[in-house]
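Think of it as A, B and C in the order they're written, each chain with its own count starting at 1.
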């Protein structure tokens, strides 16, 4: 794939602004929905963390079916992925794809429609799972009447994406478009296929588990990964005002993720009654995925080289670059822990939870917040009022991430060695990790606070006076005070 | 702070009046900046990682593929003693074949024909099928060095010692398998026979030469009790016609068994 | 257009490969599974699933039991499941061929349930455990599922499946606590989790 090196001219292309665009509504809808579902997700997650810490605390309601851990925790995770990460990611993707297409066709009603249907689906999903309609399959808990609207919204978005790409002006393109296109197509395919096989055709037996965990690999590696990677690839060069370091590295990272991403899921259930070659292929894919991830991280690093001092004043950049670097770490950690010799200890423990959380909270969430912090002022024509709030948000996110991942990983290692030793009774293994559940609770609180800070920052934009287009003195929509003071 | 920032943090929102009804500007919320991409080289170490990764993955995938079969669930082939409920113990030939395909196959080939001029064949070999099983076992245990004449063809090469690699049971499985495939049809070699020869030569460190082997008094240790009777490289009883190729010049003109 | 077709074509081929390999291939391979009939005893493995247990899948799924409990035994080479006596042998595809829904699970916050019906054969045990896990393990992380039970006035004879509870859990005088239909289905399902029959493709490893 050729990524044309259009021009070395870094002068910004003064095209059009966001005010009055028909896409402003859909993007805002996606952002707002994402943040709304994030709040719900984090609240439920926190509740579930308290419940698992002490199943007899006042936060456990043994007489209330819909507040049991087995319903609350899956809903929290699903909302985190399909609500927060997906919706805010889609909002950013709309912005990116449209800004790259440079054409009058926007079909703004399609993303709007998709956003509404998507929210309906999530609502049905929460209702269904809490109400006892869960399918009992991790990350696919939503019953078919909730999964179908979400899938429909994805299809609409995929069609819109492709149409926009076909109708774009000029032959120019950028790697972020390829990632986002892939994400939309692969997700619509994978989500439809998995729900079709499991929910509609009701495939039984262990084949259902194969499909189920194949889907999980696609969800992580072919939906959230290309979404996040595409966003980082797009905004980082813009924010530092320099071109992306290498088209070749970008190409390697793209085709690597496309080639290996779909194979990664089965490694979650190694030792399952699935053909040995399926499992081995999945381990291999997880290891090989390190290549595109390293290509991406190297590209990001070499692009940033010499501009790292911008991370301090530029908060959107800070979120995006940190997210990208966490992604590199998560990829390597993922490869190490999938290897059979390590997996036999860590499988079924909190360490695998931490592995997924590192990806979701560390990479996807940081990138989505970074993208919102970049896009929102440009979208609404208002600048950030309280940049300190964003700074605090960043540090809270990092603390939350660190607490969560370190705590759960150590707990998982202890749990894993405990489970390996048949002389240690199972109850003793549980006792072993109980202290760490306290850290998990604490991390949950941090995550809750950082989510609130993020939502707060989002809202403060709207209390800021609109930036008057005619006024020379109008504050630029910058998100850092250091720059404006300098 | 730096000149970069002025570009990146200037979204140029005032370029279009918000009230404009112009379709073009209304529909496009184009970010003023389109990212550019450089032409940086791929770092050498990453190319190294790619090739190492591909090599490793290929090896890993094919080692633990379970034969790409839908009904193999264990990534490691099972050689150990197994109980399988109503099932009988596994056939030593099956285990032997699996072990054979790990190492022996490299030189002697899956067809058992060896490589002409380099590695001697096992199919129809007078050593493999001969009654002097002690020679056969001794070669496999300690290895062989120098010219060898099998089925009338002389090759000059070297085989390593396998005594450190395999247990008696595993060697027994491999040898029994070698005596049963590719048209070979000779009685199995029990683990006790391997042990007997192993004990007999336990102080020897170096590889054999073929001449030494041929000077060794041949005996059929595979027979129960390891009979002291003189045995030759004549095909063992029941050896198939394919195995009775050409009895090479044997050092000991022992009488035919049976 | 060329660029688009390259991306979309590449995605379809590469992604399609994984779809075929990990989703369609197992589906097609396992569709052909047949039950194992022992030539001597004529015993069928895996046994048919009782009707009551078929209802239990839904309850197991709805309440997210899979969040903490797995349902497969790994081979000795892949982990300590067999040493922990969660099964005498690893589980294979045929073990699940009659299950409408399979909950392999990725978490073992609670013990593996592949063979829970072998370890515990008493429905009353399960009822009491679901009603109050602390009766069995004061440090457990398992919550109570009291809503799966109901209190009713004893009329005449006490109900056969009434829970034997004492102390703080004991019902009011003249009342008894009985499982709802959901609890009965769930426990029937748990009791049916017995993979203790022999399958030729999964020999039990010898000590």
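Just so we're on the same page, a residue touches a chain if its C-beta (ideal position, glycine included) is under 8 Å from a C-beta of that chain, and two chains touch if they have at least 3 such contacts.
In this text, all values refer to a predicted model and were calculated from it rather than measured experimentally.
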| item | value |
| --- | --- |
| Furthest chain, CA centroid comparison against chain B | A |
| Between the pairs A-C and B-C, the one where more C-beta pairs touch | A-C |
| Approximate Å spacing (C-alpha centroids) for the pair chain A, chain B | 45 |
| Euclidean distance of C-alpha centroids - chain A vs chain C, Å | 31 |
| Chain B-chain C separation of Cα centroids, rounded to whole Å | 40 |
| Contacts with two or more other chains, residues of chain C listed in rising order | 25-26, 29-30, 75, 77-78, 90, 92-93 |
| Overlap residues in chain A, where contacts from two or more other chains coincide | 273-275, 281, 340 |
| Touching two or more other chains - residues of chain B | 70-71, 73-75 |
| Residues of chain B touching chain C in the complex | 70-71, 73-76, 78, 80-87 |
| Touching residues (chain side chain B, partner chain A) in the complex | 1-5, 7-20, 23-43, 46, 49-50, 53-54, 56-57, 60-61, 64-75 |
| Residues of chain C touching chain B in the complex | 25-26, 29-30, 38-40, 75, 77-78, 90, 92-93, 198-206 |
| Parts of chain A lying in touch with chain B, wherever the complex brings them together | 3-8, 10-24, 27, 95-96, 98-100, 102-106, 108, 172, 174-176, 233-235, 237-250, 252, 273-277, 279-281, 283-284, 287-288, 290-291, 294-295, 298-299, 302-303, 307, 309-310, 313-314, 317, 340, 377-379, 381, 467, 469-470, 474, 476-480, 482-483, 486 |
| Residue ranges of chain C touching chain A (in the complex, touch as defined) | 1, 3-4, 6-8, 10-12, 14-15, 17-19, 21-23, 25-27, 29-31, 33, 57, 60-68, 70, 72, 74-75, 77-81, 83-85, 90-93, 95-109, 111, 133-134, 137, 139-147 |
